[in-house]
């Protein structure tokens, strides 16, 4: 049993087990189309990762998840196969995103994480007309581009709203290589197909062989089970003006 | 006169009298259909419990209650008959729920509470077609099931939004046996009939004989007097997305 | 020049001059019909009170008032004639009301205030049909009733939302006699006529002779000049559910 | 490399380079018509000022800006030519405005800033009928009027909502001469023409020769590129009731 770790930002990571040194960290937080949450949850299931910790904060919305009759925290960490995967079954309020990013990046540094891959969606209004969504990457530094293995197109200019932008900048400041993968997706509908495309890019970057076919096969069921989570996520994204990003370059230049 | 107790979370419990050791604690906070508040208030009246404390916080909404011309705090503790009952005549803002749960569970631990029973509602859209609402129980641990005496059906999977989920998880972590009783009820109308059913379950669990018939007899009056409290509660539940819970199992599994 | 005083609650009272010992303190904060703000501002003008302090907080809305080309704080204290009058030209956000009440009552205690009179409105839907609004009083203790001189009807049961309820309870705890005068008024329109009635009650309680006729004569102009303040106040009162109070007695009893 | 500076208010200014002593500080924060942001961004481009610092806070909205593939903070400081220019590419939440103003004014004092000029818009409903917007000035003190060089009309009475009012009052208290220039503009559409007029006033006050013609020539492009920033700014201004200001004098007098 490891001791609790407390952060100065009102968040704490409670670990029941250490994660491996030099792991790749994958973040699947609720976001556009739930792309990251669906993809990361599938990685956890497919690779049978173990639950090794939880992230707690009094600033999180007041909710818990019952699993097998036992009350659980909604943000948890799973590990195995040189991976540490963070998923959240609750929406992260906008005001908690910077503190959460601080805590995650600090924790990644202490655990010697060698690469942080964050999985998100990029809303496109004509999603239904797109067969194969494109995958874009925002990087903590130019030098990280070599690790992409051509899995995504690099973004040069624009705003990134939400956890994935702040994680990127924090990683840049902490010199942890980081990739934010943004896959074209529905804004406001769970998009398991986009999650499957994101998984393919993750496989390519990390040399994994996670089979994404179940995400496609169980698409309808997943959409139904994640409808409420999408609903809550949508409201918070609106509060953060998440829908107004990427499309316009900044003002000057 | 006991000294004030201060919590690190911006809440304090001010006690004018100690509660009995090894008491059962009952929480009646405003929630779906006001089931818990109505049931707990009736327990206080029926058993003639004494006011023994108040919970104060600068983070509570700015309001007070006049009783007999005297200004009172809206969250108070009553005791007697090996019971400690907490009721709130104000809505608890979402941001205060985790701190409140921390304070209550810590206080329960210090006072040797042997069981915490929280009374809430579970919204059903076809409430008017239901004669006898069903009662569900979420538990702090599997082992608590034996204390239910068959008064409720056990919940295995799902989200619990609001104070009662967080109280459950906190109790689990503090090893205090806890039961959250959720009685089918109207979402947005005070539901004294559901409160009466909840009371029957409480009687069965605790071996009490609180007569619930007055809740039914005075139903119309109670609905009228608690209309405003329901209105405020409704708004806060919407802010917490309380209406979107229970119905969907979590994502993976 | 007196030193700044800091409060633990994120508010500070900056005094340029001391108020007299044993003064009566009058609070005119923006509220239903702006009754208190209009009445208190008129007392300041009529009695030519001096500006002696300001209340500052980083938690106040970001705004200032220009007076004669000079930027001023929106909450200020005026004194003279054994009176200390607090007015606010900005809406007090709900979250700041308890800290503000703490600060004011603590400051009143240190300055030996002998009576605190808070002026507010009580919304009535048929205000236009009422010639002479009634004045109600909520008291910090039964014993204060003798100081009313019959100027108002005493309230026994009900909710009081906003600063005036919290001030009352804080005064009760600090043993400072306090009266909250609530004059029937429009909810959402500035009501100089109700302010004039409130002034008459204040005159009766304190033995003052403030002529209220100008409030009636300049009614139209005052309504126009305070339209924006009313608009902001209205929004904050809605956030606090201020419109839902008084009318219903609490649940049990 | 200079050390980070931390503020007690949850904001910190991170400087990569010092600004010149006795500089004039220009603030271009998002506001009515984006007048200040557009004008200040143009000053930075035209005078080729260097990026010398960033203002960071966990209380800012969770977003970053990608410039040339590198993640950047949204509030940054540029310097050169005895100027220090602060621009924000993110909306400042109302709750962060007072702390930001505290931090900026304290920093200005430490760096011996000799004049602070803040650029804002003043919404006029008939903007489309106005060929040459008028420029108004609110001053930290009467004595600052001589530095205006007739570039603006002085405001005597009224409310100022948002950062520019608070900056003015803080400068008054810190004895730093300050001018808030408010140029008539659209409320809710980016107004490069108003920004050009504001620039002309800045030229006159500071003896600069910044050519504003590009703001007019590229007007359409600028409107398009800043549409989203305007959208976010609009929402925050509404939250602060920014549209309800200036037009009405305060209550008494």
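So that you can tell them apart, the chains are marked A, B, C and D in the order they are listed, and the count of residues begins at 1 in each.
The working rule: contacts are C-beta pairs under 8 Å (C-beta built on N, C-alpha and C of every residue); 3 or more make two chains touch, one makes a residue touch a chain.
Quick caveat, the model's predicted, so the values are computed rather than measured.
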item: Chains touching both chain A and chain D; value: none
item: Of all other chains, the one whose Cα centre sits farthest from chain C; value: A
item: Distance from the mean Cα position of chain C to that of chain A, given in whole angstrom; value: 50
item: Rounded Å distance between chain C and chain D, as computed from the means of their C-alpha atoms; value: 35
item: CA centroid of chain B to CA centroid of chain D, Å; value: 50
item: Residue numbers of chain C (touch at least two other chains); value: none
item: Graph class of chain-chain contacts, one of line, ring, star, complete, other; value: ring
item: Set of all touching chain pairs, with the criterion as stated earlier; value: A-B, A-D, B-C, C-D
item: Of all residues in chain B, those that touch chain A in their complex; value: 9, 94-95, 97-99, 101-102, 138-142, 154-163, 165-166, 168-169, 172, 240-241, 244-245, 247-253
item: Residues of chain B defined as touching chain C within the complex; value: 37-38, 41-42, 44-45, 58-73, 89, 222, 224-229, 231-232, 235
